[in-house]
Amino acid sequence: MDLIINIVLGGLLIGGIYSLISMGLSLQYGVAKVLNIAHGEFLMVGAFITYWLQQNGVDPLLTIVVGGPLLFLVGFILYRTVFTSIRLKAPNTGVYESNSLLAAFGLYFIVQNIAVLIWGTTPQRFSYLASSVTILGEDFNENRLVATAFAVAIGAAFYLFLERTRIGKAIRAAAQDPLTAGLMGVDINFVLALCFGFGAAMAGLAGVLISICYPITTTMGLGYTVIAIVVVTLGGLGSIPGSFIGGFILGIIGTGVTYWEPGLAVASYYVIFIILLLVRPKGIMGK
Amino acid sequence: MWNKILKYSIPLVICLVLVLTTVFASGCGGGGTEKNEILIGASRDITGPMAGFQDFGFAAVYNMWIDEVNAAGGIDVGGKKLPVRIIEYDDGSDPAVVTRNLEKLITEDKVDFLFGPTGTASLFAAAPIASKYNKIIICGEGGATTLIPKLPSMPYVFSVLNFSDHFQIPVFADICNEVGAKSAYIMYMSDLHGAEYNLTAQSEFTLKGITVLGTKSIPPTITDMDPIVKEAKASGADIFCSFSYPPQNILFMSTALALDYSPKMVLLGPGGNFQFFPLMFGDALQGVMAEGAWNAKSSPEAGAFAAKLEATVGLGNMDWWGAIVYYAALQHFAQAIEKAGTLENKAVRDVIATETFETVIGPMWWDCGPDHAGGGLLPQVCYAGQIGQWQNGIFEVIDPGDKRTAAPIYPKPPWPTP
Amino acid sequence: MHILEGEGVTKYFGGLAAVSDVSFYVDEGEVVGLIGPNGAGKTTLFNLISAALEPKTGEIRFKGKKINGLKPYQICRLGIARTFQTVKIFGNLPVIENVRIGSLFGPFKGLSTADATREANELLEFMGLSDVAYAPARDLTLAHQKRLEVARALATKPTLLMLDELMAGLNQTELIEAMDLVKKIREKGTTIVMIEHVMKAIMNICDRIIVLHHGKKIADGTPQEVANSKTVIEVYLGEASDAGN
Amino acid sequence: MLEINNINAFYGRIQILWDVSLKVNEGEIVALIGANGAGKSTLINTVTGLLRSTSGSMTFMGKRIDRLAPHVISELGMSHIPEGRKLFTEMSVRENLELGAYPKSAWKTKKETQEHVYEIFPRLKEREKQLARTLSGGEQQMLAMGRGLMSKPKLCIIDEPSNGLAPLVVLEVFKIIQSLRDQGITILLIEQNVRHTLEISDRAYVLENGRIVMEGDCATCLASEHIKKAYLGL
Amino acid sequence: MDFSKINWKKAAITAGIPLVILIFLGLWPTIGPQYWVTLFSYFLLYIIISVSWTIFSGATGYISLASAAFYGIGIYAAALFREQFAANLPLIVVVLIGGLASFVLAFIVGAITLRLKGIYFAMFTFGLVLLLKEVIYYWEIQFNDLRGRFVAPESNDTIYYYLLGIFVITMIVAYLIRRSKYGLALQIIGENEEAAAHTGINVTMVKVLTYAVSAIFIGAAGVIMATKLTYVDPGVAFSPMMSFSPVLMAIFGGMGSIYGPVIGAVIFTYIEEILKTGSMKNYYMLIFGVILIGVILYLPNGIVGSIQNLWKRISGARRAHTRG
């Protein structure tokens, strides 16, 4: 019983952050059709901005106000300059997808290199809310709890934004059928740039939360990108709620396997990933 | 006219390219015949995941050493003082690239000697290449017991750092017996480094009456250590061993602090013995141990070296594990070249393998197996210490015997309240 | 002899019957028209015969042998060739390559390269496409692309040819040419099933017409019979009746 | 209201439209008739801005629109109800309607417009919360038309509304189209169901092979031998 | 066949140029400086991998990211059968084993992923690489107490000539497939899989078989490279860069012709070499990334494709001029 509580609650506590990263990738990949290999780099940048501000006396959670909008802007401008041009030049979606994948690779190299030049590669950490809280008789990290609460709040806020607002509805429509969305008067290039920007912002926010909980390095991005790709596949391409739920599921699975055999935790992600692709490529929330 | 030119342009262009390649390539291979410097090559992790070592590991030490040597006019080779120059290539900590870089350094840049790459896997990739071309390589960070049986066939490889059964863990077990720690929980990285430490620890602990209550391997990609820390806490073991690298050791410390897991004894792997650890964790580090140790109190020479190194790299980049032996190996290396009076690798190697020279750690020599025929390891007596413990911000050597600079604290105090 | 027979063929798409319990036959040498309003299930029936889809129930027989469950390429090699409603030519390849592909892969025993080239040239001649043989297929006009698709289908040496809306989008002259073409193919001894909206063509060339509506067969007979059938007129011209349901 | 003068358009290197001219006056139902592949969709795509014409001019409400982006054209008051409905199948009926009101001017009044649409299509109100894909074919067509009306358009282009519908439903759809006209919405109707279309329209254009081959009022067209032969199967 | 004069000339050029290049490459170890032989080995390696990748993925448009898996299988074949200080199989046999193992793996992957289209296929193949890496890591540590293995080294010339041999076979096979009816079949599967099936092509068979055949060369190259690396571990063997490099190289060079991936591989490898070892080594990823994005934005058809377009424009203009 203790074990189950530990696995489920512990999994949920990691899952929140996974959800946030994956929702971001889902927007970039599911809607804007950019398989953004550099996604984790935005996360890393968010984490290091937090670290840097923390060293200068700014409360890490306050960074959310700075980091999110800043990375949104970066993502938005990147899409408008690089990816829009790739999209308009590509004769079909297939070419657009593969070319934007390559461009994302370039982006990955660029961001990573700049980050290494600025911050080096030594692992960094700072202490924030580093004490434990007892839930159902088990101890949990207080900072994880706070991070998960924020992740869920950000996820829920974004969900409401998608459900309730005009732009949000346009994003969902563009995810289903960009051409018809265009017929409705939606400026597709703008909406896709928006999605890319939101994706980057979410990665950045996840980075802020990760820096609160875990040590950070400038080379940690790719690992999180891979996790996000697994979750997005798990949840169904382009399904934002799917990614949200998928993140928690993967968190629980990962924690469970870690209890049994930590060496196989990452392998278990890939096993889920390739089995899912074979059996149900549309993901758990896809139709 | 145009038609013809266009038609023949393809073969023309190709022939041109081929000729140019040959000319260019042979041009590249050249170089002066007159030796006026000692050229050393190194493939280093400048951009990869282990690039941090560039600031406080072997690179920090050899850069300081080169500056010193050159300030003194160079190394005397057969009556002529030659300055030392190093060529470093980036390998991004990919052993495949290490191989390629070393080949380029040896065959194109025609370096005289090699310095080792960062990390055990890269070192393993480098050693056979150096042997293949008969180039002396002085290795810094990394090493593992697996290398020992290979060394007889790699006479040009000199591995400086001490590793698992290569004296650290047996000493640690003795310390445990001394203070009365009875049971252990082991977490180890699922790579060569972790696996070897784990195996040695399992047998040493059994031998010396310490019960192992739990063992978990972790992947290098681990991001969440809560389950392991909780399990270790539940096991109630006196000793917690983390046989892993700086990122995992930092993660363990953060997690243990947050979950209030404070065993009587904590032994960390690489990272625990670097100065950035106390900068990161402050008072919490009181009583935490790590493998491989020296400090300014080890000897007067060590004190002078510590001051010199700190002035060069800064306090935050001090390495209380390898720095002093790297430096000693370089001092030994320089004296060997001077004694051999040539840059010819075979001659220099024979001197290195057989001679004892005075260094910062006292008299130093290499253990190269029977007849001095193989690659070299440092004998145990040469090291300044095997196990260290943080006491009031100083990494004290707590080995039993005359290397000790302070008595071990046991049990370590609980974590300070945040 | 019935060269092609269907018995109780049914196919659902997400709960809706696209083709529902349709039985039909085609005799050797016949030209059979398959008509019906949009969404009647004509193309679905074609897809079922050519194995692009698999029927849920029912059986399709070719020359007396059951063929459902086979793969599209097997159907093709048995001697059933088809064209598509929206032309599916290989646009980046030259016209002649498109036809050669048919000869190389389509017949039960593929031809040698040289034979395929010779045959492709003959077919292009037959279809009146020799002039554009080396142009990329995507540069052709729609009418020529449709012809090219027929040529490719013929190159696989079919005994039964299925044409999906060959005449759609053609102008009067092209229409007459296309009708002539169908007649010429028929004279070579190939059985033809064609989906068509152009009534003039259907009435003119077909020996027999099958009418589908809402996935069900509602009429089957000579052009005259079908044209006079009250049900068909109602369905087709959309009079207020409930014939379909 | 909409005036198209001599436009030419290409898909890749194939010319689809040849010197097409067309005019829609305010308050009319204008029918555009043609077989599959005649170029109707290309014409509509060109008008709505999805495809660029290579020459010729188009004006809408007195404004040149040939170089405008689709979303700008739709803000001007042109609404396109596409062939095959193109609903957002994973969204509810209500959300589909709301998306129809995406242009800023329409978004403000979307509540009232929605009520108005529910008056025209009461069945949509009953199914307000259902996902669009769970609707029947006729309901889907109605939703598509309702969505098209949400932007409060001045001109509605309706592409093949009878496609795949049962005859009774087709009649209903045509009746609604007529009632829209009565409410002052101008309509350009593209259809294959020639007889019905001509019965409810004011004027008609016949497109064949990318060229307008006939234009005039509907009675004339219905009487034409060419139409009878080619499209009515008589 | 039309045996007109121009065809003979063309044939002389098409056969002559490769022959000249082959002789040059064959003599290279004797005329080139030592390191350049090594560098050329790397050129050959990347050419083999990117051309093999292009055989299947370039023609069909199914982006395979499993190259690293095939390469890694080859490396592990060498690690098992060409150990240092052990009784070993002859190198040529191990090369065959590596090729065969890759063939089998690719065949299985091909057969079970037939349902997957587009990006899903790419993701599956990439997941496979990561999974193999993790599982082999785990297996070696848990059951063999090993992280990596030492492979018996070979001389640089042996490695070079083996790679040259594999390179020649790869190019011949790529050329033959391109020219044969199977190449045609692959190409039209890429254009329209449905129409291809209805034209009598056994789509499944053609796809799976070509995929498996193209993997042979990658596996064989892996065996040879293992003898050069001499120390291999799963991180080296299944490095994801080995999956992405051929894609980048092929797109960089252009997939329209057989020369595209070759030129892409050579230029890419050389740029990497210069950047990594030159004075800009601290910025090489940055520069590399900028080059990558620049190529995608401004040379969308790859280098060869862009040159061909330029060529066409020049010759087209010339023709127009003559006509006018």
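A, B, C, D and E are the chain letters, set down in written order, and residue numbers restart from 1 in every chain.
Convention: a residue touches a chain if its C-beta (ideal position, glycine included) is under 8 Å from a C-beta of that chain, and two chains touch if they have at least 3 such contacts.
The shown structure was predicted, so the numbers you read here are calculated from the model rather than taken from an experiment.
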Partner chains shared by chain A and chain D (touch criterion as defined above): none
Shared chain contacts [chain C and chain D, defined touch]: none
Number of steps on the shortest touching-chain route linking chain B and chain D: 2
Chain pair, most C-beta pairs within the contact cut-off: B-E
Centroid comparison with chain D (C-alpha atoms), farthest chain: B
Most distant chain from chain C by Cα centroid: B
Intercentroid distance (Cα basis), chain C paired with chain B, Å: 74
Separation of mean Cα positions, chain E and chain C [Å, integer]: 42
Centroid distance [mean C-alpha coordinates] between chain E and chain A, Å: 33
Distance between chain centroids, defined by C-alpha means - chain B, chain E (Å): 36
For chain B, residues contacting two or more additional chains: 47, 190, 217, 219
Residue numbers of chain A (touch at least two other chains): 113, 263, 266
Chain E: positions in contact with at least two other chains: 134, 137-138, 141-142, 282, 284-285
Chains touching one another, given as label pairs in label order: A-B, A-D, A-E, B-E, C-D, C-E
In the complex, chain C residues that touch chain D: 38-39, 85, 138-142, 165, 168-172, 174, 197-200, 203, 214, 227, 234-245
Chain A residues touching chain E - in the complex, by the definition given at the top: 35, 82, 85-86, 89-90, 94-95, 97-99, 102-103, 105-110, 112-114, 117, 226, 229-230, 233, 263-264, 266-267, 270-271, 273-274, 277-278, 281
Partner chain D, residues of chain A touching it in the complex: 166, 169-170, 172-173, 176-177, 179-188, 287
In the complex, chain E residues that touch chain B: 13, 16-17, 20-21, 24, 31-36, 38-39, 42, 84-85, 134, 137-138, 141-142, 145-148, 150, 153, 156, 228-233, 235-236, 239, 241, 276-277, 281-282, 284-285, 315, 318
Contact set on chain B toward chain A in their complex: 47-52, 55, 190, 216-219, 221-224, 226-228, 230-231, 246-247, 250-251, 254-255, 257-260, 276, 280, 418
